[in-house]
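See structure below.
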Amino acid sequence: MKSNRHWYKRMSFIILAALLVLSACSGKKEEKASGDAKDTNGALSIMWWGPQERHDATLKALDIYSKQNPDVKFKPEYLAWDGFWSKLPTLAASKSMPDILQMDAAYLDEYVSRGTLEDLSDIDLNGIIDPKILDNLKKDGKLYGIPLSHNGQGLAFNKSELEAAGIQLPQKDWTWDDFFKFAEDAHKKLPKGKFPVTDNSADWTWYQYYQTSMGKGPILEGNKFNLDKDMWMEFNKIYEKYRKEGVVPPPDVQTAFLENDPKADPMGSGKVMTRGASVGSVSVLETLLPGKVDVVNVPTGPAGGGWAQPTIFLSVSSNSKHKAEAKQFIKWFISDKEAGKALGLTRGIPLSDEIYKELEPTLQPKDILSKKLEEAAIDKALPFYPAPAGWSEWVQAYDKEMQAVMYGQQSLKDAFTKLDDLGKETAKKLEGK
Amino acid sequence: MKRLYSKASVDMSNIPLQQGQADLEIHTSNPSLKSRLFQRLTKKRSDETNLAGYIFISPWLIGFLLLTLWPMVQSFYLSFTEYSLLDEPVWVGSENYSNIFLKDDLFYKSLSVTFAFVIISVPLKLFFSLMVAMLLNKNLKGMSFYRTAIYFPSLIGTSVAVAVLWRNMFGADGYVNQILGWFGIEGVGWISNPDTSLGTLILLTTWQFGSTMVIFLAGLKQIPTDLYESASVDGAGAIKKFFHITLPMLSPVMFFNLVLGVIGSFQMFTQAFIITKGGPVNSTYTYALFLFEKAFKHYQMGYASSLAWILLVIIAILTGINFAVSRYWVFYESDGRGSK
Amino acid sequence: MSISRSKLSKMTNHAFLLIFSLVMLYPVFWWIGASLKKNEEMSLATIWPKVPMWENFTKGWVANTEYTFTHFFTNTLVMEFWNVIGAVFTSAVVAYGFARLNFKFKGLWFSILLLTMMLPSQVTIIPQYIMYNTFGLTNSYIPLVLPHFFGGGAFFIFLLVQFIRGIPRELDEAAKMDGASVYVIFFKIILPLLKPSLVTVAIFTFIWSWDDFFGQVLYLSSIDKYTVGLALKMFVDQFEVQWGQLLAMSLVSIVPSALLFFFAQKHFLEGIATSGLKG
């Protein structure tokens, strides 16, 4: 009798003691945490992704704001890109999205279409941001994110190596015919193992640039699906020819590419002379190939080419309890001179011309390259058509089916049929919602 | 083995029953008394062990009821809904399940990729782990160093660096190809070739056999050395010793590694996620990766939950088979060996 | 004659082990070299950089303007301490219940125990998070540490069950003869014999919870709570990766686990030299 209870008591005591000590230990940390989670005294929660420089710069800016507005405190959270997009849906599911969050154009529609973001069109941005830019970003007249910097799509190329091989460099506003001619000429002059262009067959956006520049409109827009069969076949047959002739890297080389990786980047590794790049990301190429990189816009057609508009935003979550304060902060964030100085170019080229002028003297070669791309992209730019909400699986199917074509496992015709069918099916499903 | 207890011949009728009474053989000549005593003993004993049993497993039981049960029930419920995470779940009944079985090619593809992975990597890993464990079981100087060195790859497990490492090893101009080049063999891009990419992941898993090996090692260390000694005295060679002593004594641990190996490899996710992202042409698109992308990339947590429960059923069936078959080859020291 | 044969076999064993270790470690040598390289050099096929950038380690250690890796290591080691304590204490207790005692519904509970390992965690993460969030336990270590106090995880319980079943029942029965209750048997007989397996549990708990990225990312929001794993991810961004620092600090982050393994070996691999039946 006794011995039984004795051991029982001892065991439960041990477990209890452990739990007590545990909670005491994290109790201190917990206090801070629970305080924050339930506080309603004006602390704004704000979440963003980025590299270390951006974190440091943003924290500095938050400090400045708190000094200027002493009753506003922040609860910042900053993550790397992957972690951010894993955590945000979790926060959304538990109804605890931060008050202010950084947003990306590729994800914006998914979050907007489910009502998680607040309409910000009532913020007065006159004189700060060009109204044309804002109009481009509005969906049904509502603005769900305040843009933070310029972005645009173009092509980067290895100027030094092209010149050394005696190849004519791509010129601004070049056409698709120019592009294909460039590829074929360069192929003749480049040594074996080096390629003029990458094989973008599995990248739906690359073909979409072609289709839109020819005036046939985007593939995906809202719930609509439009894949022009003849144009698509014509375009992809060219790449099929290029694969046979070795103008583009073979599939196992192409799929091993990893953009921005020092060893596996198509240009960075020295294998390919050109690749697509955006204003936001081309600076990395400069660090990989210092002094060798130059930029040009996406090949154009009669309707234009490429795109140039902001893709990084600050948004407010629709179940925030501090919407007014959040909006006020965001307006300050993009217009205040001190903030601009503190933030520098950590989010790209600022939209406010005033702030940009102040930062111009501090530009490094990689920033100059970004600016050059922005200027090249803007003239002939068409609207930016990211995959709208609900199309992510079609995009993934495009990648997979075209990879099968690249590896010779499937014919172009079969791939087209599959993608066309899936596209129409998805459009119908989305339409019915 | 010596018998350490003695049989007692005792008249039970006057001995008060206490809890924790030792196993006594009941020798009385009165059959009905014997059975009544036996019933009293066993009932008291089973009450006691019932309570004791629950007390012992209470940490797990409480944790399960508190922390695990609810999320599992929730995920089962979600498998009957459409749930984007960004807004409320919407009930759709068994639509997810029927779509999975009738319309989803990727389901079958990822299942076949995963089955291939399991069938090859589990035996491979078990074999290597056991061999290496036996190698490391000796008492050489510097064994600690060797063991740590061989275990080291398992430590880098799922870090970002593994992806870099593996690409550098098996990429088209990676080290493996360089070494092959010395022998005049031209290597391919192992990771970016649909025919070989799964193989590189199998190799990665096998390279990280450390934990399985350590468990074998612990098991090996628990085999009493005098068994080997007496076998040597009887003139048994190394191979006989292996098959008649090592393997049977290791069978509980082998069983454990097999069961866990199957359960774990069916859920292989991280390596595919960080190295190949499921490609090329879905040749490394494991089931867990498929599930993850459905949930977090395509905003279909409901569908992903259905996939999860289907996987659970598959694994449960295979594990059940494992357990059923185990009685034919797994030998527990504690089950009725009695005296030698 | 027999002396030199055993010496020869010892030498061959050493040679074999050495070569094997080197082969296993070869990628790691590359790793060490790469961690000292500049970003531009990363694409070269060399193992060792031209000029070793030791500052990848020093700069990497400093990491953040607010916190250095000292802080992150401390955070992680404290968490690990509690994880290990929880797992070691409770896993043996639970395993004994399943392995040695008979109670109603034991089969059912054991099956459930195994079942919990078969459901991919990706689908229980969200409901779990919502649960912890309701109790205000997010942005704390509790969701990460608490599960270890409830048996340490099905893996370890099952592992110990198998080890306990390898212990002869004669020992239990001898103790019962002497009037020992199941509790005494557990503490005085089984537990001491489980020492090697418990050290295994400790080591694996340490190593595996170090790497639990998803859990850490979800439950730790403020940077002052970050673990080493989370801090490492700060080196990887949308476009640019600071490879040298990432590789350097990744390497450093493995050192504690490696050291633990190296030094703990003695304890859990100490064999049972006798048959274990000490009167």
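Per-chain residue numbering starts at 1, and chain names A, B and C are given in the order in which the chains are listed.
Just so we're on the same page, contacts are C-beta pairs under 8 Å (C-beta built on N, C-alpha and C of every residue); 3 or more make two chains touch, one makes a residue touch a chain.
The structure presented is a predicted model; accordingly, all values stated were derived computationally and were not measured.
K.L.:
Provide the labels of all chains in contact with chain A and in contact with chain B.
P.N.:
Touching chain A as well as chain B, we find C.
K.L.:
Which chain is most remote from chain C in terms of Cα centres?
P.N.:
It is A.
K.L.:
Which chain wins if you rank chains by how close their C-alpha centre is to the centre of all protein C-alpha atoms?
P.N.:
C
K.L.:
Return the distance between the CA-based centres of chain A and chain B, expressed in whole Å.
P.N.:
Taking the average C-alpha coordinate of chain A and of chain B, the gap between them is 40 Å.
K.L.:
Report, in whole Å, the distance between the mean C-alpha point of chain B and the mean C-alpha point of chain C.
P.N.:
16
K.L.:
Centroid of chain A to centroid of chain C, CA atoms only: how many Å?
P.N.:
About 36 Å, centre to centre.
K.L.:
Going through chain A residue by residue, note those that touch at least 2 other chains and give them in order.
P.N.:
Answer for chain A, listing residues that touch two or more other chains: 3-4, 8, 11, 15, 86, 90, 93, 263.
K.L.:
At least two other chains touched by the same residue of chain B: list those residues.
P.N.:
Residues 19-20, 48, 52, 55, 59, 85, 168, 296, 301 of chain B touch two or more partner chains.
K.L.:
Counting only residues that touch at least 2 other chains, which ones in chain C make the list?
P.N.:
90, 93, 126, 146, 149, 181, 183, 186, 233, 236, 243
K.L.:
Help me check something: in the complex, which residues belonging to chain C touch chain A?
P.N.:
Going through chain C, the ones touching chain A are 39-43, 63-66, 78, 82, 85-86, 89-90, 93, 125-126, 129-130, 133, 136-142, 145-146, 149, 181, 183-184, 186-187, 214, 217-218, 221-223, 225, 230, 233-243.
K.L.:
Across the complex, what residues on chain A touch chain B?
P.N.:
1, 3-4, 8, 11, 15, 85-86, 89-90, 92-93, 110-111, 114-116, 251-256, 258, 263-264, 392-393, 396, 399-400, 403-404, 407, 409
K.L.:
Sort out for me which residues of chain B touch chain A in the complex.
P.N.:
18-20, 48, 52, 55, 59, 84-87, 167-168, 171-172, 188-189, 191-194, 279-282, 293, 296-299, 301
K.L.:
Please output the residues of chain B touching chain C within their complex, sorted ascending.
P.N.:
Contacts found on chain B: 1-5, 19-23, 46, 48-57, 59-64, 66-68, 70-72, 74-75, 78, 85, 132, 135-136, 138, 140, 142, 144-161, 164-165, 168-169, 173, 175, 178, 207, 211, 214-215, 217-219, 221-222, 224-226, 249, 252-253, 255-256, 259-260, 263, 266-267, 269, 288, 291-292, 295-296, 301, 304-305, 308-309, 311-312, 315-316, 319, 332-335, 337.
K.L.:
So in the complex, which bits of chain C are touching chain B?
P.N.:
10, 13-14, 16-18, 20-21, 24-28, 30-31, 34, 45, 90, 93-94, 96-98, 101-104, 106, 109, 112-120, 122-124, 126-128, 131, 146-147, 149-151, 155, 157-159, 162-170, 173-174, 176-183, 186, 196-197, 200, 203-204, 207, 211, 213, 229, 232-233, 236, 243, 246-247, 250-251, 253-254, 257-258, 261-262, 265-266, 268-277, 279
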